[in-house]
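You will see two complexes here that share chain A, one where it goes with chain B and one where it goes with chain C.
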Partner chain A sequence: MICTACSCLCDDIELEDGKILNACERGYKHISEYRQNRAKNSVNGKELDLDKAIEAAAEILKSASSPVIYGMDTITVEAQKLAIKIAEKLGGYIDDNSSFCLGEFVEAILKKEVPSATLDQVRDYAYVIIYWGTNVYRSLPRHMSKYTYYPRGAKRNRGYDEDRFLVVIDIRKSEIAKLAKKNAKFIKVENDVELVESFLKAVEGKASKYDVGGVIREMKRADFNVVFGGLGLKYGLKGNYGLFFEFIRKMNEITPLYFLPSGFHSNMRGFNETLFETVGAVNKFSFSEKKSDRAFEFSELLRRNAIDAALIIGTDPVSSLPYDVSRNLMAVKKITIDPKNTLTASISEVSIRSALSGIESGGEMVRSDGVRQKLRPIEKTEYDDVYILKKILEGL
Partner chain B sequence: MSFAFKLLNREKKLEDCRPLFEEKKYEVQLKKLKEILKPLEKATETGLIVDSDKCNGCGNCIVVCPVHVEKDPQGAGSGRGPTISDPIYRIENGKLVIKNMHACRRYGKSRILCVVCRENCPTDAISFLEG
Partner chain C sequence: MLRIARLLKFEALIIVARHSAEQKETVIYLNPEFAKRSGIKEGDIVSVVKGDRRVNLKVKLLDTAPEDGGIIPNSIFASYLSDFQNFKSFRAYIEIAEGGESKVEDILKIVMDKK
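For the complex of A and B:
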């Protein structure tokens, strides 16, 4: 089966004699605990059957003057398409977690502002591998062993200590920074913008604050290098994405350097790509104003009390957003579609129990590098996100 | 020294040193030795100790293992879960499990002190008796 715990979408998970093989701890918990803490179909706290809950959800959305559809990063592409249709029909807002996660990076890749590659290409060809502001040991546990530094690849078959050069850039000595030993460099960064400027200076052969000349020299030795950017890079850049992309482009004038986002939920990239194909933006989009804007981020909408109904799918903003923001949800009519009884589901006017994508329902998801994966569920339920969203759409 | 090495290699047991148990004057030494050798109970024949609480199943150890690379180049050697029936390690239920220690380069008469798996464990979940 394919594990849907994170955006690695590991495709070599096996079930044998009651054991789950090859999945990391995060994946194991995701798969083994799927029956625990399940959501119930309810309206105003009263348990009802699915059709009644769907009816109530459609009623709330129909009577809303400013609705938002939010989440969708853990559901399939097929379900995401339906959620986008609902937002379009309502003339509402649509946003996912990527607006505060790595949406800007995915957008730059989709707009072809920076060259990108697949993880399979990284495994086969990459020499210098830079992890910038991301500790994949925690977020994507098998990233280094399955796709990047450790596996032998078609043109990198002599092992990590001879055929790879690892660079870890972080504000602290993270778990993966401890792995930067032979043929490797750990750069303890205090200011990401200054580090990008140092790289730009080093490209021109000038002296810079950070000692990065050695990394540039290593990159020049190879025909395939890659940077994985995480949330540490995103927030460290303080909005200077252009400067960072300029560094990638400048490097490509002398040696190939590809960029890939590193982190996020199982199908966040799927949502970004699906919305991008539909409206030309990756997130925070208003169908009534027909544009994407920071003001349409879910957290911004909440902060300004700009919405009166929210269809929340496969995410738990009460747990993940700051209290100052999430408390404004109390003034909003909430419909939650989730396999689990999340905090948000427990305070929602309508809660709808859905199937867990990849375990109880099939479909397609998009890996962090844009490769599409067909899920291979171990069970099959009729009442998945696609069924529920189709019914809501019909009810509008 | 020879007896000490044999102890660590499981060729001898502490009980094989009879005076240690029979003569009262060695009581303190016996107590100390039992304490020192306690980690042996947790270690495999190659001296390997896996601390499951520290392991998150990242699989670095499985992919870097030179034996896996040689025997399973398209599976473990290429980053996938092992495809051979007798891998040294496997990830089961999110944790590292030792399946076939006899295939390890540290096992047997022509053993070498390979520590590649330990060196690439980000959380020190893998250790060996020698430190």
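For the complex of A and C:
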């Protein structure tokens, strides 16, 4: 089966005699505990059957003057397309976690503002591998062992200590920073913008605050290098994405350097690509104003009390958004579609239990590098996100 | 016996990050050196205070935590303290707590009371 615990979408998970093989700790937990803490179909706290809950959801959306569809990063592309249709029919807003996660990075890749590559290409060809503001040991536990640093690739077949050069950039000595010993460098960063400027100066042969000349020299030795950027980089840049992308482009004038977001929810890239194909934007889109804007981010809409109903699919904003924002959810009618009884589901006017994508329902998801994967569920339930969203759409 | 650490509070860098055992665990992972300097031991309950917000978390020691602070796993506790200007890292004060660990329900109640 394909593991849907994170955006690596590992395709080699096997179930044998009740054992889960090849999964990381995160994937193992995701698969082995999928029956635990399941959501119930309910309206105003009262347990009802699925059809009644769907009816109530459609009624809330129909009567809303300013609805938003939010989340969708853990559901399949097929379900995402239906959610977009619902937002379009309502003339409402649509946004996902990427607006506060790595949406800017995916957008730059989709708009071809920076060169990108697949994880398979990284495994086969990459020499310098830079992890910037991300600790994949915790967030994407098999990233280095399955896709990047450790595997022997087609052109990198002498092992990581000879055929790879690892660079870890972080504000602390994380687990992966500790790996930066032989053929490697750890850069403790205090200011990401200054570090980008240091790289730009080093490209021109000038001295700079951070000693990055050695990294540039290593990159020049190879015909394939890669930067994985995480949330630490995103927030460290403080909005200066253009400067960072300029660094990637400048590097490419002297040696190939590809850029990849280091990972996120299982199908965040799928949502970004699906919305991009539909409206030309990756997130924070208003169907009534027909444009994407920062003001249409879910968190901004909440902050300004600009919405009166929210269809929240496969995400838990009460847990993941800062309190200054999440507290305003209480003034909004909430419909939650989720396999799990999340904190948001527990306080929603309508809660709808869905199937867990990849385990109980099939469909397509998009890996963090843009490679599409067909899910191979171990069970099959009729009442998956596609069924539920189709019914809601019909009810509008 | 009175512990001096009970009378003090320490400024710390808090990083919010994914950690394998997260969500429900009411934990802060402190750098062992920082904890030692601050007179905090593994298993202590500490208050993490940012502005007028406070959560009580159980201390575990982790040598990959920042030298001058700790890591709070992604959770409602981290979200309660953070904001978008300081979403993944912020400065806060740490002091030995008077009561027990915060509960998810406590924070949820605060969120819900804002209706």
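Keep in mind that, in the parts below, the second predicted complex is superposed on the first by the 396 of 396 C-alpha atoms of A that agree within 3 Å, B and C clash if a C-alpha of one lies under 4 Å from a C-alpha of the other, contacts with A are read in each partner's own complex, and residues count from 1 in each chain.
By definition in this document, a residue touches a chain if its C-beta (ideal position, glycine included) is under 8 Å from a C-beta of that chain, and two chains touch if they have at least 3 such contacts.
Owing to the predicted nature of the structure, the values given are computational and were not obtained by experimental measurement.
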{"item": "Combined model on chain A where chain B meets chain C, clash or fit", "value": "fit"}
{"item": "Which superposed partner A:L343 touches (first chain B, second chain C, both, neither)", "value": "second"}
{"item": "Partner chain(s) touched by A:K291 [first = chain B, second = chain C, both, neither]", "value": "neither"}
{"item": "First, second, both or neither for A:Y160, with chain B first and chain C second", "value": "first"}
{"item": "Included angle at chain A between vectors to chain C and chain B, based on C-alpha centres and rounded to the nearest 10 degrees", "value": "70"}
{"item": "Which superposed partner A:K178 touches (first chain B, second chain C, both, neither)", "value": "both"}
{"item": "Touched partner set for A:E25, first chain B, second chain C, both or neither", "value": "both"}
{"item": "Partner chain in contact with A:K201 - chain B first, chain C second, else both or neither", "value": "neither"}
{"item": "Touching partner for A:K85 - first (chain B), second (chain C), both, neither", "value": "neither"}
{"item": "Partner chain in contact with A:L321 - chain B first, chain C second, else both or neither", "value": "second"}
{"item": "After fitting on chain A: smallest Cα gap, chain B-chain C, Å", "value": "7"}
{"item": "Overlap of the chain B and chain C footprints on chain A, listed as residue numbers", "value": "25-26, 29, 141, 175, 178"}
{"item": "Parts of chain A lying in touch with chain B, wherever the complex brings them together", "value": "12-14, 19-29, 32, 123, 137, 141-142, 144-147, 150-153, 159-160, 175-176, 178-179, 181"}
{"item": "Complex interface listing, chain A residues touching chain C", "value": "25-26, 29, 100, 135, 138-139, 141, 171-175, 177-178, 231-232, 235, 299, 318-331, 343, 346-347"}
{"item": "Contact set on chain C toward chain A in their complex", "value": "13, 15, 17-20, 23, 53, 64-67, 74-76, 79-84, 87-89, 104, 107-108, 110-112, 114-115"}
{"item": "Chain B residues touching chain A - in the complex, by the definition given at the top", "value": "55-60, 62-64, 69, 73, 77-81, 90-95, 119-120, 122-123"}
